[in-house]
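Order as written gives the chain letters A, B, C and D; numbering starts at 1 within each chain.
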């Protein structure tokens, strides 16, 4: 039994990479208590038998909301489509939810259904808040349902928000590089060690489902643009770098660019403007994001890099960052 | 003593990655014979003590053209600036040269000197042929001095030549990913295993010296554009992928793009248009280049990928491909 | 139709790592011609759609000996147990066979069946020759069925043969390290990139099926010993290093050890005694084996290292080396 | 100025891998405060400019004990030989020291000087405590000078202490695998990314300086044995696995082995007996050690694996574990 004032957090789908990290972070969190951890495929196994380094000793169970629904909060780490009905039932029981899937990220149901599947709980779309913490702190703090952003949108939007707000994006190409964990835990021909060692390649060219999410949010920030987005797999496990190539409507001096970014992220605990192009190793297994912006003197293009850990700031640690806000806690709690 | 009809090839600078591969290819070549292999830093060591897998047993010597200049051909693998005087002296002795440095790639001496150093042999610039084999076969066959292209220009120009010739490049971004061998054999903080394992990062943003080379050649092909070029280091040893983002002056249907590339590279022994985005692993330690072109249906951008091995087609095996032409041999000889 | 004098070689099981390399080597071989290439799982696909870098354009078919049995030779790359009946049928048709499985390696049927499965063609055991080329050249040249050794036995026996023959092995520990390709092409939790990046671990401790094969051959060489054998997975794709720790019955001086190895492998085209501990990178994608032997001055133990590529000398290139002998060709043909 | 009761800890040599991790751990420690951080080579730079992911903002200074000696404790991360005089001066000022070098690990000055250099402070040897925490808790708690063990001895001794105490080690081979960080921060031919990618190799065969340290401690535990010890480099950054092959004086049943290890490490916060061979990934960037012991049923050998992070439990986090004991703090504080 947990103490009064220590909200219990259900992790639904804790056998995947993202759910397991969420379980780890909640398990060690000074304010929250780890509630049930669930998995269809691995029920009966302890989390640390799958992920020894997370050191979570809880045993995975099959999800049963009748038994597991008595919690204050939930992080849902289900595939898109499968998440919506579980989220709806949790919300029906008054549970605050951070959903890691794409099911509640896109405001426009038609866009969602064009890229994914028929929506199982469209009535919740209006109330869901897009959970890129640094862009929507107040709304997140007031929300009961937060749609946690995709990893690529997280990095891309942090990289571009200052330019979008300033009206400096006329055209945009985003070339992303992600570690193999971005392809998920499923063992496939593509995720075999031998297929990716000494390799780098693009995938889902011009067709990645994170693209409409990027466009939606850039438009809300003031930059209604159609993004050319291409992700690449690189031979590392965790980490993501986005290289953003922006054509501005007018020339931007380097000093102005520097000031824009310094102002935008002054005082942010997790977003850091750094003096050199960031490496993904610099932010591994952390909630931090490193950003670097540069004017190409020959072409006038603005080149902005953002590095995150795709599974942490790109997914699970940002979920906890959001949960902190939803429960009135310091944003950085348990993320140190 | 070599047989009549078996031209001896000097490798100047055979202790670096590129020179050693050139030595290996010449050593096993059915037509050429390996002449002296030279190195300042490692004179007295056998090549296979530095690179066991190349299996070249020749011993490195300090270069002395009085002793070593009696050859039919030379591959010069010296740093830019240091190459020009050696090339000049070799040419003065009538030796045919493939130069791997940047010294004879840029037709405009002023551009060279802006990006590099004062030129030591500008009188040779006019006669040097830019050695991207697939674009200049006839000129290379007739040349005595071939300026072997940089690795990034090789991949980029093979990716973009069909578009450039067709007048389809209005704006251009090139995002390149290269293995760590691209940074050379020098042991530095940046090339330490621990610095690059689990890492990916951009370098020389908007300032890489291969950029003017790309612009020069695109202009000659019909596309006078200023390229935004950004290279990234990825955690693998050999291999290079360029992802080219082209804004065309008018919409291009996928079928037209397919036809353009199929026509351009039909019958090429080393350039292959492939049905999926290529991985660098597919071309490792080979002279092959894999290309894939796609229209982004949402934005109309043309996205073209080219994968090569930066040290092979990007440097040394292309040098041998050129040498074959210069001596009237089949282009693929010794590259199988 | 193949020319007279160009024997056609069937590759049965050409969609796995080993079979595909065998197909590549035969496809480029100056003497043999590539016959049918077969696969249950990938029939209808071209080999180069699975393994672009091998550049084999042949299309995989389901094996049918009525259609495919009309060849001079076959390399069978089937799992143990599945190989024996196919080998038996091929032999019945007079086809010379190199079998990559374990089915014909162990002379003692009972030992085979204790470690594997009931044997489907025990009548062929007596005539099968254990195909470690350097140890059995004459028998291989005269054989119609060669049981190609396992990768670990190949490296271990090359490392230890000189000591075994000299009666210098009183006790033996073999600690092996292999790249992930050693675990095969099946995509599993254990071969996922994320599971093996930044990892190293032992597997099948004291229970690896290559152990009785090592013991059998050491006994034949003169060292009847029970080997303690432990393989480890290391984060690389191809390559294998065995570190052998030998307790000799009496002290052995370093000079004697050096002479023993120099004599044993003088003139060998593929086995090289090297002056420093070998790296697996030195022999990657080759038929070479690098060996280094050292006396530990503190303990008197003899420490011998052997590095091979587990898929080449450890499997497929050794199969071609054997096939060369079986057809009276130079042993190194097509392996350069 | 630090609060009363918050001891300040000097980190001498904080620009190396080990010193920087020590700085990170102390910087976030709930009880200690980070004092001066020093470096000869990088004075003037911030620690996070060298190691962004450690997020230590302190600026490196040249060590000056007149300015820096006013601290309660110090972790000295100097090369062997260079450490002793600094440790001596710190002890002279009453500062408690954990020394990461080898200078105070060997009780026998002659052995030290045979393997290293003349000793600069032999008078301190008698009072130094060998800091393998789990083996010497009481002595460490009472010590003013702790000689932090080497990474290989840490893993090896944790693996073997139960056997040594039980008199079960008649003969011993230790085959160790370490990530490249074990070779230090110096950029050399051997630590270049290209040299180690896709590689594995032994080094310092029979001559590694950690060997006498292992022998000394095994003897104190009851097993006077000469260890055959061979380290290997594997292509990963942090992590170390030792595979220990023990010949027992008499047969040991698996059940007895299991009971021995379960008893030895019951209740240990950082040492865990695990049911399968451990991977180094399981303990990455942590103070944990995973151990697995198995009887080889064919040979009777005892095979024991221990996995640690060479820079954490193998060096810096164990130093903090020891510092906790020296200051009467809970052993796990700041290591969670």
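What we mean here is this: contacts are C-beta pairs under 8 Å (C-beta built on N, C-alpha and C of every residue); 3 or more make two chains touch, one makes a residue touch a chain.
On a predicted model such as this, the values are computed, not experimentally measured, just so you know.
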* Quick one: how many steps at least from chain B to chain D, stepping chain to touching chain? => 1
* To do: Decide which interface, A-C or B-C, involves more C-beta pairs in contact, and give its chain pair.
  => A-C
* What whole-number Å value describes the gap between the mean CA coordinates of chain C and chain D? -> 40
* Indicate the whole-number Å distance between the mean C-alpha point of chain B and the mean C-alpha point of chain C. => 37
* Just give me the whole-number Å value for how far the CA centre of chain A lies from that of chain C. => 46
* Can you tell me which residues of chain D touch two or more of the remaining chains? => 179, 195, 197-198, 235-238, 278-279, 281, 284
* Structure fact -> Note: in the complex, chain C contacts chain D through residues 171, 173, 175, 177, 179, 195, 197-203, 205-206, 211, 226-228, 230, 232, 234-239, 241, 243, 245, 247, 277-281, 284, 294-299, 301, 303, 305, 307
* To do: Would you pull the chain C residues touching chain A in the complex into a rising list?
  => 17, 179-181, 185, 187-189, 191-198, 235-238
* Structure fact -> Seen from chain D, its contact residues with chain A in the complex are 28, 52-53, 55, 197-198, 274, 278-279, 281-286, 288, 290, 336
